[in-house]
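These are the structures in question, set out in turn.
Two complexes are shown next, each including chain A; its partner changes from chain B in the first to chain C in the second.
And then the complex of A and B:
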């Protein structure tokens, strides 16, 4: 366990030096603060606009950070050949993968936490009350980021960082549109199309489960059962991605 | 040995994936029960529907501010813009209210379409939007039957004001349904709201007189007669 945490800490220390991380976080906070100036053009809906911009901004930033960190951690080690030194020492391959994953998750969650605190403070200043209900979509954004890191790590075990980033973005887009597949499968003519459609539907992560931004921004109650159910879904999907990553990485030779 | 360990991991991953299927169905059911279900007809904006609706909302406000004189053409354009905003964000009640009232004079039918959409997508819409729909039906479209239905819907909302029942009774009378109008005014006359009692007294006499003047239904005429005797 200590080896995994040491590798995670090393990933954190490498990634935290990246300027692009700070640019993303600062830009997101700037966009949230700037949204307070829209009151003149929103015809009385400035609070709703602030909530929407805040949650959407954090979601986009979280997506970019998770994919960037998850896709580059392992390929960087491979390209710099430091992986040969690590694997030759008594560091098992699964410890390496889990350490890289945990380090990437830690960076993503830390960035989301900074943006979330900034968002809640700015919203509290504007509305003169603490909107703790905003933490429901923020918790799910965190778990969406964890799933994205796992997907990025999976692709990075057999692709370069550029290719794995692109593939992760494609999975992100497909994951947000996958909820439409059952509607289309119902209308499909043949069995093969139905089978492939359903396979895709269940294999892709359904990111729409993690999307409760709209009802929360409108003040509609989102049950805690849904939140915990989605967290469980995210945890299981992450485990699946890591298991497949380990299976692929085990067969790789770095000599 | 290496490949068999990898195979075991893949098998466990596939088993977990199969286990995700009932969990996914459970999550869909929870979302449906909480009124949060995804709609098939939805712009593919990757979960950023709200922000897309906000951008379009601001654009629509800017367009409305640029219009020098409202006409049917500009009202139709405004209606289409609000249609798109509310397609992206069906819970955006301010958009329905703003849009419906902005085009009520020049495009009342489209105004009612927006209000009906608001009622269909928002179970807890409150009484204001049905009231606006009732007013537009009554004043702009002269469809008193329809306006009575809207006022009835609005008056059944918890904590709705008493004047909605008066509006419903008025609409029924104008629609020619004097029997229902008499019943509604009588219930208002018997209520504890003093403003309603005063107005109901006056309207009961007017409607009862109208019944006695025009109606051939003996039952209704007898009822009108009793009402007049009771009040005067």
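And then the complex of A and C:
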């Protein structure tokens, strides 16, 4: 475990020195703060709007950071050949993958935490109260980020960082639309189309499960049972992605 | 004790339906406590051999033993150090951060690790530059921090892949002195190079590899005539082998 954590820490150390991460986080906080200006033109709706913009901003920033870190961690090690020195040491391939994954997850969660704290503070200043209910969508944004890191890591085991980033973005968009597949499959007459549709439905992560931003922003109650169910789904999906990554990486050469 | 032993080690690369035999039935024996120069022209298969020994690539056929344990055994890696052909390290790390990272990989306790890092930085003359990011290092400095990381775990066997190539005369001398110093500490050095003059000054034994085949292997003093340079011997051996083939 200590080797996995050491590698994870090295991922964090490398990313934290990159300016792009700060740009994304600061841009997101700026967007949240900027949304307060809309209060003048949307009387009565300002809090809802702030919550909407704030949560959406954090979700988009979390997506960008997760894909950026998850897709680049392994290809950078391979392309810069630092992996040769690392693998020549007593590091097993699964330790390498899990270390890269955990490091990317840590960076993503830390960024979300910083943005979330900023968001909650701005919201508290505006509403003069602490909106604890905001933690539900924020928790699910964290788990969506973890799944996205796992998907990015999987692609990065066999693609360049650029290609795996693009594929991860495609999966992110498709994962937010995949809930519509069953309706389309019902209407499809062709058996092959139905089969492919269902295959895609089960293979793609259903990111819509993680999206409780709108109900929370509009004051609709979201039960904790639903939150835990989605967390379990995310954990299982992440585990599958990591197992596939390990299987691909197992026989990889680094010469 | 044998530091390295290979048995019919073969590596075939396949690309676009074409096969390239990078290594052909390599049978090599390297005794411990010496500097062994693994020599050969570019593309001879030297780096491929190191990559197989270190588990970076799998052999197509044959096997090898390092410190009397078969390759693939992760325990071996506790006792070896490796400096790749061009030093590739995390550019944003400083020397201390890099050595600390590798020390942690070897699970060296914190106190011992800190002491070892100071000793190594002193040994390679990088104490003053300890906090400078590696991206600002010169080629020679990178080579020296590379050597330092190979020794973080007190290895019994150290692999150097072209450690002197591309260095200025001062850098070469520093690296060569460090390699000799490593041997004095009782370690075995497996040294890959195509710079024969430096190899002649450093090595106790040599092996000459050409087109994936071992042409000759033995103690330098037994192989060379008193008035013969290693360069002359090297060219003679390769020409002789090529002549045998044709």
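Just so it is clear, the second predicted complex is superposed on the first by the 254 of 255 C-alpha atoms of A that agree within 3 Å, B and C clash if a C-alpha of one lies under 4 Å from a C-alpha of the other, contacts with A are read in each partner's own complex, and residues count from 1 in each chain.
By our rule, a residue touches a chain if its C-beta (ideal position, glycine included) is under 8 Å from a C-beta of that chain, and two chains touch if they have at least 3 such contacts.
Computed from a prediction, not measured in an experiment: that's the story for all the values here.
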Contacts of A:59 with chain B and chain C, given as first, second, both or neither: first
Chain A residues touched by each partner, larger count belonging to chain B or chain C: B
Which of chain B and chain C A:179 touches, first, second, both or neither: first
First (chain B), second (chain C), both or neither touched by A:193: neither
Which of chain B and chain C A:90 touches, first, second, both or neither: second
Touching partner for A:127 - first (chain B), second (chain C), both, neither: neither
Doubly contacted residues of chain A, that is, touched by chain B and again by chain C: 251
Chain A partner contacts - residues on chain C that touch it in the complex: 47-48, 51, 54-58, 74-75, 77-78, 80, 82, 84, 86, 88-93, 97, 101-102, 104-107, 149, 153, 159
Complex contacts: residues of chain A adjacent to chain B: 38, 41-45, 48-49, 52-53, 55-56, 59-60, 172-173, 176-177, 179-180, 183, 202-203, 206-215, 217-218, 220-223, 225-226, 229-230, 232-233, 236-237, 239-240, 243-244, 246-248, 250-251
Of chain A, residues touching chain C in the complex: 2-3, 6-7, 10, 13-14, 17-18, 80-82, 84-92, 251, 253-255
Complex interface listing, chain B residues touching chain A: 2-3, 5-7, 9-10, 12-13, 16-17, 19-21, 23-24, 26-27, 30-31, 34-36, 38, 40, 44, 46-51, 53-54, 57-58, 61-62, 89, 91-92, 94, 98
